[in-house]
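Data block below; observations after.
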Amino acid sequence: MYDVVALGEAMLRLVPPNYQRLEQTTSFNVTIGGAELSVAANVSRLGLRSAWVSKLPTNPMGRMIANKAREHGVDTSHIVWTKEGRAGLYFVEFGSTPRATSVIYDRGGAAASMLGPGEIKWDEILKGTRLFHTSGITPALSQGCREATVEVIEKARAAGCKTSFDLNYRAKLWSAADAKACFERILDKVDIVITTQFDAEEVLGYTGEYEDIAKQFSDNFGTPIVAITLRGVKTVLTGTWTSLVYAEGKVYRDDVAEIEIVDRFGAGDSFTAGFIYGYLNEGVEQGLRIGDAMAAIKHSIPGDINWITMEDVQKFLESKDFRVQR
Amino acid sequence: MYDVVALGEAMLRLVPPNYQRLEQTTSFNVTIGGAELSVAANVSRLGLRSAWVSKLPTNPMGRMIANKAREHGVDTSHIVWTKEGRAGLYFVEFGSTPRATSVIYDRGGAAASMLGPGEIKWDEILKGTRLFHTSGITPALSQGCREATVEVIEKARAAGCKTSFDLNYRAKLWSAADAKACFERILDKVDIVITTQFDAEEVLGYTGEYEDIAKQFSDNFGTPIVAITLRGVKTVLTGTWTSLVYAEGKVYRDDVAEIEIVDRFGAGDSFTAGFIYGYLNEGVEQGLRIGDAMAAIKHSIPGDINWITMEDVQKFLESKDFRVQR
Amino acid sequence: MYDVVALGEAMLRLVPPNYQRLEQTTSFNVTIGGAELSVAANVSRLGLRSAWVSKLPTNPMGRMIANKAREHGVDTSHIVWTKEGRAGLYFVEFGSTPRATSVIYDRGGAAASMLGPGEIKWDEILKGTRLFHTSGITPALSQGCREATVEVIEKARAAGCKTSFDLNYRAKLWSAADAKACFERILDKVDIVITTQFDAEEVLGYTGEYEDIAKQFSDNFGTPIVAITLRGVKTVLTGTWTSLVYAEGKVYRDDVAEIEIVDRFGAGDSFTAGFIYGYLNEGVEQGLRIGDAMAAIKHSIPGDINWITMEDVQKFLESKDFRVQR
Amino acid sequence: MYDVVALGEAMLRLVPPNYQRLEQTTSFNVTIGGAELSVAANVSRLGLRSAWVSKLPTNPMGRMIANKAREHGVDTSHIVWTKEGRAGLYFVEFGSTPRATSVIYDRGGAAASMLGPGEIKWDEILKGTRLFHTSGITPALSQGCREATVEVIEKARAAGCKTSFDLNYRAKLWSAADAKACFERILDKVDIVITTQFDAEEVLGYTGEYEDIAKQFSDNFGTPIVAITLRGVKTVLTGTWTSLVYAEGKVYRDDVAEIEIVDRFGAGDSFTAGFIYGYLNEGVEQGLRIGDAMAAIKHSIPGDINWITMEDVQKFLESKDFRVQR
Amino acid sequence: MYDVVALGEAMLRLVPPNYQRLEQTTSFNVTIGGAELSVAANVSRLGLRSAWVSKLPTNPMGRMIANKAREHGVDTSHIVWTKEGRAGLYFVEFGSTPRATSVIYDRGGAAASMLGPGEIKWDEILKGTRLFHTSGITPALSQGCREATVEVIEKARAAGCKTSFDLNYRAKLWSAADAKACFERILDKVDIVITTQFDAEEVLGYTGEYEDIAKQFSDNFGTPIVAITLRGVKTVLTGTWTSLVYAEGKVYRDDVAEIEIVDRFGAGDSFTAGFIYGYLNEGVEQGLRIGDAMAAIKHSIPGDINWITMEDVQKFLESKDFRVQR
Amino acid sequence: MYDVVALGEAMLRLVPPNYQRLEQTTSFNVTIGGAELSVAANVSRLGLRSAWVSKLPTNPMGRMIANKAREHGVDTSHIVWTKEGRAGLYFVEFGSTPRATSVIYDRGGAAASMLGPGEIKWDEILKGTRLFHTSGITPALSQGCREATVEVIEKARAAGCKTSFDLNYRAKLWSAADAKACFERILDKVDIVITTQFDAEEVLGYTGEYEDIAKQFSDNFGTPIVAITLRGVKTVLTGTWTSLVYAEGKVYRDDVAEIEIVDRFGAGDSFTAGFIYGYLNEGVEQGLRIGDAMAAIKHSIPGDINWITMEDVQKFLESKDFRVQR
């Protein structure tokens, strides 16, 4: 029924304006964010039919999260609503060199972390769905979420649905050992792994050249496609983006895009969304190109979600013209 | 050492601008609030030496709370800092008739609720202190807080320190029965009770005329002074304020002040602060006058804390001139 | 398939902050608005399945309009997207006594006005739909829109779908004579007419007591249900709201609600949405109650859309408590 | 050459947003204000040719003041620019009942106060000018300003130019005795006096009914026209406005306008501007009507200057319709 | 009578704050812009007497445009006011690498585009005027504007007034062929051509080195002075600025200025203004220097108009000191 | 009693948002600033007990300054409050290349400048205090301030309190000759001199390599420690920071830190605070490291005060990781 279904937590994102520190601010700009929701929203913006599944509290904050998902065309009809728990928050503090941008999470007691296996009608949702996506954050939220994640990955595989998984290791949520144990239950049922070099090493101990890292997924779990996103950090406000995809024994590389950073959150999820879109439509190479375009452009847009259209992606792919577009 | 010491929780207060509903906002104005902190800040603004005691997380939000207490001259050196727990939040949604202003608390897991007896050096703090204040919110936060509240009230009494207690019943935090059981452990050691008619009835079952309610405190607990704050609600944005004090068998009444409501939060705590100030300096009647002045003016000032000076109070007491003051 | 389908134009609404005049402002707050879209959004917020049909330009402004419709759960899949035309705008200038709030429309050349009959697959959309709604603004936009409105009303009737029609006469868009000629082609196929006393007189020449006005619709067009919304204007910032419904020979009246006006736009559409919801679920009387509750509350909420839930409506219907809700 | 020439100081006006107190704000909204500049701007907005004369520092603040004067069509070519002195400031703190709105001036050392007689080419400016206006603030600024004021009033009289003078007594700038001594040098050369009851009594000791006060100007100084502005203060945010004019032995009265106060600054100057406009065009009675219309509407508009057009005035004079104007 | 008279359209410029995309914003900052108005405002700021001529609607938006012109000292007395048409708008979306800044125009139906020949008293306006300026946008607005442009250029030439013309080709408004046909009617009466390399090639087919391009104007139309502005684009937020002027067979070059881009709109018009100022006062070389100074500094200032003074220009010409100026 | 006591003026800092020029802004962000207050606040943030001494007006602006000092834990109990004088202001205009950031002071008539010797109980304050700090701005404010500065330096020396002095030469306040004469009365009683190369040359005529400059202080005044702060200016928005300390014949150097400038005000005072903290705790070398860390980070934080913690300093000293910190 859907092109893409994603499972995960979303939170309110509170940001002090104008590079202020959290401690000094008198206001917060509020948007919403969550890795899997971003993927669902971004693929919807590119034209795919997507749904985002989660557990939300029946209060204004919970509704705000669902509203914003729908704003981008994401189906929210499978969200589990509950009177227990809260909407998680995270605070972002934008910096400039030498002060790095930082995040403080306030996600304890979130409704999303109270999700357990058996609560969602996956059979119904996944029937006819082309791809299921989640990230390593979801199983890290709680024991229930861990089982719920394994459950859905298995059901997706069973339903003939492709699966994509972004490692997204969060050291504040669980240990690398716990993450590894969990990932090992999941990875052999995943068609597309997205990771950074750091996460692959930190959790799975994979080292070496990018290609080597990718191959280790293939060797250990039979992963058909491994994408490694490569962020070059020049300063806090400038850098580069590219990625590398290993698929069926072949390595695909892309140009390195220069970036001036307005908001780097959600760049990885933009890559994932672009890759899924391109991959489902035309294959790995187009996935790589669109994923990198999405990710590079994301750095220029405030918020976690990538407010772009396919037309913006096309322009990026055709030329790097930095003059005013009239 | 202090004129007033207060114990309680403080939180970040997040408010959508321009009467927006929480669900629709894209920004929050942030200040801090907490009943006892407001009392400590307000008496400090009037010239008393005050300290506020609490437990705060060692993060930007915790620091923000302590900073703002200090901004008003409140001593924060007795705060217990902890790596556990978070800073609680509350969301305020300002309404206009017929939509009432509302509050949503997000205080679960707050560091303040993790406070227990024995954590604070009360003997040292209370030595030479004239008055200790807390409210019914503090013992409602957790079992530990309940015991810590009883502990400090007893120590204050033992130290020869006056005690004031604002019932402040919060039905979302505990049942009326639990509140009653707790209050009965406390009230016989309290010199000044501040309450609304509603709280006195809801928790203690006191009914009748205002004087009757006040007398029941006196009869049951030997309370020397009972102040009942009387808010008249005309519309969501207009109303009146006055109060009545029963002290040593005598009833004191005040004029009824008209109010146009900019922000009614903290009005009760402004009364308490004004009453304490006036009472400590000149006695019950002056306490009543200054308490009501503080409370009435508070409705015109954004935030929980009353950004006024004694000069503002004097002007109010001398004349009700609503023309531009140049 | 839907509970409610609505057809109409929506525009960007630009508002100078803080009661500034348009000429003096240096910024605009931007939301979206449109009578029929507001109805679709509001019934969706109450739990009905709704769709909004319109014509929008394929640019950021057009997308913003569709996004915000979806944000409230409105189906936007039947919108006609076009490279011709623009997104209309309107500027709102909020006043206070004695300066009335005013609106300047800038809707010339809007994509919505370029809609003509035959462009929308009504047969498919209306199949199984319970109610179709539009207002007198839609046929006023252009000759094509006039014919498209007649077309859909006829198809709705043919499909066994109830129809509701809000007169919404806009003197800036067409003459009363033109409006009358058009309405006469429509009204005999309308199940629910919503109007003000003013519009009924201005366009159709109906005068007399409210009941008399309502009866004239019934007599002339056989209208089963006529709702007359009654706004009491005290000052620019205060007033009252109630309404009267005439149905099958019976008159239903409601209490008069006091209002403090934050933003009175969309109050009529809130009534319509509430009436439709109540009527479809329980009948005319419940429609009246919920319609008035929705309309009264709307005055306290910024924007054209009514950011409420059924829970807010229930609270209003149960008690008029203007104290802080904790 | 001009219809109206005005002399006076103008300053930056700094206002904390949202009813905040000065002490608590983290931002100021900045506009400009000055009694005589407001008159010049307001008559220009109504269609008269006006010039405003002052002394300004050659810095961004000085330029901002001149820019904003020109924005309303006021001729600024006679301003004296200087490297000495600063642009004065004033802080406005908006209140709500029971806290009155208040003003703190920070005008010491202003360039305007350094103006002395002989610095401005009045003969050239006043040739062919119909009316010269200033207020009691100008001579209060410094000894030099006092002499400069007397100089220009005398030159205006000599040039056959009508003169208008608003008493505008500012107790913070000079004593009532000093003001009286100065006004007695001026008033016998003034054609139109504008005053409040309060100023007339405070400075000149005039008491009694409004007509009596007006007559005393006529008796003592031969003033042809005396306008008394009458502000009714209900609450800090609501009130009334009307005025009374005594001219050549006849008393003119007007309706009392209800007002909801957004910003009451500049209302008196709006009256003056409207009166001058009406008086110069059609006589005293029309002056009264337009003056009151201008003053009443001003309360609804942020800033000292009245951002209206003659069309707004006409609407007010024709009907008091508080419904939305589309 | 004037040093510079300019003819053209001006519009409201709406900009989402903080690099937001149009689709995601909830507010717009509003200023005004228009190539020829910017030139008139900028030369006025440098001390020249300038007038701007256009057609504006008699509504708040039209008045806002005229107000802001006057704010900078521009004479607006020759504007044609009309009840037909609207004020055009344009939306600016600021980007960062790799997303270019972009503009969406919403100028259809603008009053300015309804201007035709014979509507303006050019003989009166141009008498004694030193220079007339317009750009290729004006004739592109409509057929009437095209003829009005040819009319005024001819009248300026006849009145002995210098003429300057900025090619400013806008592909969204007309084809290169139409532009060429129009420009060929104009260019032989133009004393100063300002162009980019791109426009010269796109419309007139001129290629080669900068000097060659300039010479082709001279050869084909006898243009005495040709200025080519040279923008170096490094990233979306950084670049360089310089220009080259060909006059009477001689080529003038300038240093290349480094720029960090806050707002690059109006840089070309700043060059034009600076060039005209320098040229009229001291000749071509000074024009080049001041033009480049103006253009470079403009990139650091929000809005289309260059809020600088001659003192700022002098500082730039004397030293490139990037330390804080106290 | 204190670790650090500082004497100096503090002012309100008014800043137009978004790189606007002062002349164009419609709002100011307001914080407070003052070189010595920044030092006191910054050392307090690092954990030292500090007091700031000054003279402030008893009005909201004066209170705002004291409030903000207390917010950072600074003791304000020794401030002299007065009804004379005002709170000084300064306006900051942030620029981008090629427009430098600039400051306009409006500090004439400030209460702080009215401070004279004998007004402050230095003996009491300095007893047991480890270090007294002031800068060359304080004696520049007035003759009284000059004598008060000499007075306190002498008393500090007498009390066995270390003294630090930042040359901070302000050419707008006094001549280099006057500064030199004053500094010569002070420098022989100063333990730590902080200066830029520019100030040392401008006031004292010291030239040569950095070490040479430092040695001249030592040679002429016996200064034990001389710190020279070294700012590298690349563009208006980028640069570098390092410093060099000469102590007891030894030269200490540090790494050069890259900076992206959000707000460079207070960087020097951050160095001073960090140096004092490190020096008092561990000695010169640690002072240099912490001073440079503080200064470098300060460039990324809005306002004059450095909203950091020791933890932020540690992170900087341990690694230069510009990636997002989660």
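We just call them A, B, C, D, E and F in the order they show up, numbering each chain from 1.
Going forward, contacts are C-beta pairs under 8 Å (C-beta built on N, C-alpha and C of every residue); 3 or more make two chains touch, one makes a residue touch a chain.
All values reported here derive from a predicted model rather than from experimental measurement.
Think of each touching pair as a link: the shortest run of links from chain B to chain E has 2 of them. Listed here as common contacts of chain A and chain F: B, E. Rotation angle, chain B onto chain F, C-alpha superposition: 180 degrees, expressed as a multiple of 5. Of all residue numbers used where chain A meets chain E, under half belong to both copies. The two sides are thus made of different residues. Centre-to-centre separation of chain C and chain D, using mean CA positions: 45 Å. For the pair chain C and chain F, the distance between C-alpha centroids works out to 61 Å. For chain A, residues that reach two or more other chains under the stated contact definition are 21, 23-24, 26, 63, 67.
All chain pairs that touch, listed by label, are A-B, A-C, A-E, A-F, B-C, B-D, B-F, C-D, C-E, D-E, D-F, E-F. On the chain B side of its complex with chain C, the touching residues are 18-21, 23-24, 95-103, 105, 170-172, 231, 233-237, 264-265.
Residues 14, 21-31, 59-61, 63-64, 67, 86, 89, 91, 93, 104, 106, 108-109 of chain E are the ones that touch chain C when the two sit in their complex.
Of all the residues in chain D, the ones that touch chain C in their complex are 17, 257-263, 296-297, 299-303, 307-308, 312, 316, 320-326. Within the complex, the chain F residues that touch chain B are 63, 67-68, 70-73, 309.
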